[in-house]
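I have placed the structure first, in the form of structure tokens, so that the comments after it can refer back to it.
Each chain carries a letter (A, B, C and D) given by its place in the written order, and its residues are counted from 1.
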Amino acid sequence: MSDIPKMVEIKRIQKETKNIRTFFLDTAINSAPGQFLMAWLPGIDEKPFGVSFKAPELGITVEQKGKFTEELFFLKEGDKIGIRGPYGNGFDTEGVKTACLVAGGVGVAPINALAIELKQKGVEVKIILGARSQDHLSLSESLLQCGELYITTDDGSMGEKGFTTNKLRALLKDEKFDKIYTCGPEVMMIEVMKIADSNGIEMEASLERYMRCGTGVCGACSINGIMVCKDGPVFNSGQLKKLTELGKWARSKSGKKVTLDDYCRGKC
Amino acid sequence: MSDIPKMVEIKRIQKETKNIRTFFLDTAINSAPGQFLMAWLPGIDEKPFGVSFKAPELGITVEQKGKFTEELFFLKEGDKIGIRGPYGNGFDTEGVKTACLVAGGVGVAPINALAIELKQKGVEVKIILGARSQDHLSLSESLLQCGELYITTDDGSMGEKGFTTNKLRALLKDEKFDKIYTCGPEVMMIEVMKIADSNGIEMEASLERYMRCGTGVCGACSINGIMVCKDGPVFNSGQLKKLTELGKWARSKSGKKVTLDDYCRGKC
Amino acid sequence: MVEKLAELKVDYAGVKFRNPTVLVSGVLGTDAATLKMVAKRGAGAVTMKSIGPEERAGHNNPTIVATEHFMHNAVGLPTPGYKNLGDKWEALKGRDFPLIASVFARSVEEHAVVAEEVASHKPDLIEINLSCPNVKGLGHAFGTDPEVAGKIVEGVKKVSGKVPVIAKLTPNTHRLVEVGKACEEAGADGLVAINTLGGMMINIDARRPVLHNKFGGVSGPAIKPVAVKSIYQLYANCKIPILGMGGIINGEDAIELMMAGASAVGIGTAVHYRGIEVFELVIKEMNDWMDKNNVKKVSELVGAAHE
Amino acid sequence: MVEKLAELKVDYAGVKFRNPTVLVSGVLGTDAATLKMVAKRGAGAVTMKSIGPEERAGHNNPTIVATEHFMHNAVGLPTPGYKNLGDKWEALKGRDFPLIASVFARSVEEHAVVAEEVASHKPDLIEINLSCPNVKGLGHAFGTDPEVAGKIVEGVKKVSGKVPVIAKLTPNTHRLVEVGKACEEAGADGLVAINTLGGMMINIDARRPVLHNKFGGVSGPAIKPVAVKSIYQLYANCKIPILGMGGIINGEDAIELMMAGASAVGIGTAVHYRGIEVFELVIKEMNDWMDKNNVKKVSELVGAAHE
């Protein structure tokens, strides 16, 4: 009920790669895969992170990118951070018997939580995990427990060289899925959407925009008047097709309309 | 949960005597016998009244005495008043198989609600109803349905001439009760307490003090540091005996300690 | 289509609203698409997020938190700046709902600069946010000084052309009524009351203020009695119409603010508690109450608690 | 017996409280028996209902109402008058708990008249309620004008002898910190913050204000952020200790106000929500939090959110 940060202890830090860590927190939160938390470092900032592990310990998987994540990476086990949430809608898994999950970079975080749940539900799961290089690949061990795992890297430093979308196309030649789920760079997700569409398969993608409230009040995360924090972050292809800003525009911290490119380069 | 007055319609007004009326209200409130409401006449005042009928319609029985009750008596069926509550503890009826109820004047109001409940529970009830004169006697019809009724008036204009306490003493010569309940002038109630004590019978009395909040916050209704609105208005003889102010002192609207006599004459 | 019921139409400062509910400034007003969506979901009029003199990123998070009693925010007035809103104005052309443009600035003069450009895009109303800290003054908001507030209104009126100008007041002063009167005398076409109440929350486990900015504004249920009092007093002392806001969650709250003296009512924090459906819900609840109480026109409620 | 834990003792303006919780003025302070009862039920100190210059009945009811978010009251400062309290003082002699006597008056001079008599009965502290309307001034409370507030404190200090004097501030002004500083400069031994927030409630079915006095003060959960901000700012700007109050319901709220800068904390409205047990409960909750967080002395919490 209260949307104020609660301080919780970092119970365990799991190093995934040089730049990626999973922080397990000493708290129980009932979240659905695809939902996210707002994580607070007092005096620094507060940012959204998808839940990557729901149980037995609540985990978020974070890539070190800038100011906030750098400060977070200074923390040790036993230190505390503030969290509020979970927020957002989460993935819809009803009726799904076979699924393909496509994760790019740290977009793997919510995909991992989804993979775990689908596995528990007895869904047949295939996962394509891609990243620029090995350093950006994470959670593969966890994903291996949940289904068949295919790894791609842009530079070939691990798994197949190439994009996740190439692998997806290849898989779809022989196989059919009830649903495709994806989280990663927006260009990748748009490509996944097109592939799913042309194969007549339902799909869902988890989007990212600048966030403040997390509860659909401030409008910071708007994409075509839809609040990513509350109406999303997960959208199906029917919804995505109406979002004319998808892949093109985002809003900076000031509220100014900027190209997605500029937004992703932090030029805002 | 909300302690703010709610406007409700006066569904029916029942004339009891020249000066006493029962107002039946178009609302359902789950109150225990002995609990009271705060009744609000916008622009005039708000005062406490014991619930005299809980069901099928919520009723309060009011004697016209001064400003507030005069204004209340101007109202017609269909008009609205504000109510909040119920407040207070109510009478304790657990384990009681035979009871004697002693009501003085408009103190009959909560006694009537109690008599109805005891009757429903199968308790054997005797009621002594007294008043200065016939004009101050009310609810006898309702009480007759609940048990054996004895009426006394100071002037003999109805029933036996004399005080309720005389009748109580007379009854106790041949009978024994599990409990005696009383509401009326404080001097009368003190007398009832003494009689009950000397007969070794449990008793409870419902007190009256100036009230503001009704919820134990303001301290207006204090009697020896006990809040009549919340800790009472019903007290048993063990509690009453500790109240050194009983029958002697009260607090006026300003908070000044005044004699009970002055308080009851409205000299405050 | 509840919003089409004739009796819910109101006139505020010469502008017709389809119903008395207005999206307040700072809530969901960041882009044109959102404003259109809120209008479509029932709001009688919508307010753009306050527009300032130059681009500002606003504060770091946490900027917005909430408890069951209130919302607490210090977003820090993020704004693309009045020169960077071309796409937004463009997208709002030909709209079928009234649009309020909120403006703020750092000096008396700057208000006119921002307002002149804003007026050229023909919003239906210009709202001056008088609650910003007056950096040149004592550090208090412009809205605590009747003289300064009057000067700001006067300056904006000179450049606003046909667009009516309304002044949004802060409750964080004992001079609220004086400020309201000064704005009226300076030519304001309407008043808006109230902005958020100054406050602070501390997270005791972190031993720190919760908001990055430490202090912030309180809105929602907690401030309703402050809003009602402010509106009641302004209504008793001013003639220009009041857009009332502060703590409206349901239709009865909206009616309460109208009875205090509001001609129309803003809804902000309730979006947090009830979602974007809140506009449709509040309108329905107002309508239900009016039907039950035989009130034919919502305007009959305005100031009804004064006798 | 939680109140006996050594680490909960505090020193406020030179007076030792058994624990930081204080019964606020206006709640349950009408008579000596009640004050004793509240002290027995755990309060570290208790405040008498504000004492005025002459007998006043207060307003008609409703004077006190409450929702889940706040309490709203306009009791109207009922008081037997400072000359009619002989029995109360008598009954409070030989007490084993600290007693705060709250006073109010209608002019600068009258405060000293009331305070002199009150001081002669040797309460442990005299609290000046600066929130009363200043009838000779603009109608605002004395507490909105630093100069007037300072003069009142100065006058009372002259007649109070050895009894420390504390000034209770109103949050209904943008000049709170200035008023606090003026009181400090005038010799106040401590500050009390905050009094209730001005507000109003309307019953829409009655089309009337709920309180007989129309306007009233808001207390309870709704005003906690205003209290925290006020206390935080006073702590940052004044040296004398602060008795913090406003919206404390549980132990964590009490700690929040202490971290903002309060040396001791008042509890009023919470008696409505949790009953008279609230003192014992808050003390237990504070103690539990301190144990869990390894805080040995409650005084370590004072101002902890300032860095």
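Criterion: contacts are C-beta pairs under 8 Å (C-beta built on N, C-alpha and C of every residue); 3 or more make two chains touch, one makes a residue touch a chain.
Because the structure is predicted, anything quoted here is derived from the model rather than measured.
Enquirer: What chains do subunit A and subunit C have as common neighbours?
Expert: none
Enquirer: Tell me which chain's centre, taken as the mean of its C-alpha atoms, is farthest from subunit A.
Expert: Farthest from subunit A by mean C-alpha position: B.
Enquirer: Taking each chain's centre as its mean C-alpha position, how far apart are subunit B and subunit C in Å?
Expert: Result: the chain centres lie 51 Å from each other.
Enquirer: Please work out the Cα centroid separation of subunit C and subunit D, and write it as a whole number of Å.
Expert: The computed centroid separation for subunit C versus subunit D comes out at 34 Å.
Enquirer: How many angstrom between the C-alpha centroids of subunit B and subunit A?
Expert: Chain centres of subunit A and subunit B, defined by C-alpha means, are spaced 67 Å apart.
Enquirer: What are the residue numbers in subunit D that touch two or more other chains?
Expert: Answer for subunit D, listing residues that touch two or more other chains: 68, 201, 205, 208.
Enquirer: Indicate the residues of subunit A shared as contacts by at least two other chains.
Expert: As it turns out, subunit A has no residue touching two or more other chains.
Enquirer: Is the way these chains touch best called a line, a ring, a star, complete, or other?
Expert: Topology of the interface graph: linear, an open chain of contacts.
Enquirer: What pairs of chains are touching here?
Expert: Touching chain pairs, listed by label, are A-C, B-D, C-D.
Enquirer: Using the touch definition from the top, list the residues of subunit D that touch subunit C in their complex.
Expert: Within the complex, subunit D touches subunit C at residues 68-70, 72, 140-141, 144, 172-175, 197-202, 204-205, 207-209, 214-215, 218, 221-226, 228-229, 232, 252, 255-256, 259-260, 289, 293, 304-305, 307.
Enquirer: Residues of subunit D touching subunit B in their complex?
Expert: On the subunit D side, the touching residues are 26-31, 33-37, 49, 55-58, 60-68, 71, 73, 75, 78-81, 84, 87-88, 201, 203, 205-206, 208, 210, 212, 268-269, 271-272, 275-276.
Enquirer: Quick one: which bits of subunit B touch subunit D in the complex? Just the residue numbers, please.
Expert: 1-7, 38, 40, 42-47, 80, 82, 84, 211-213, 215-220, 222, 224-227, 230, 251-257
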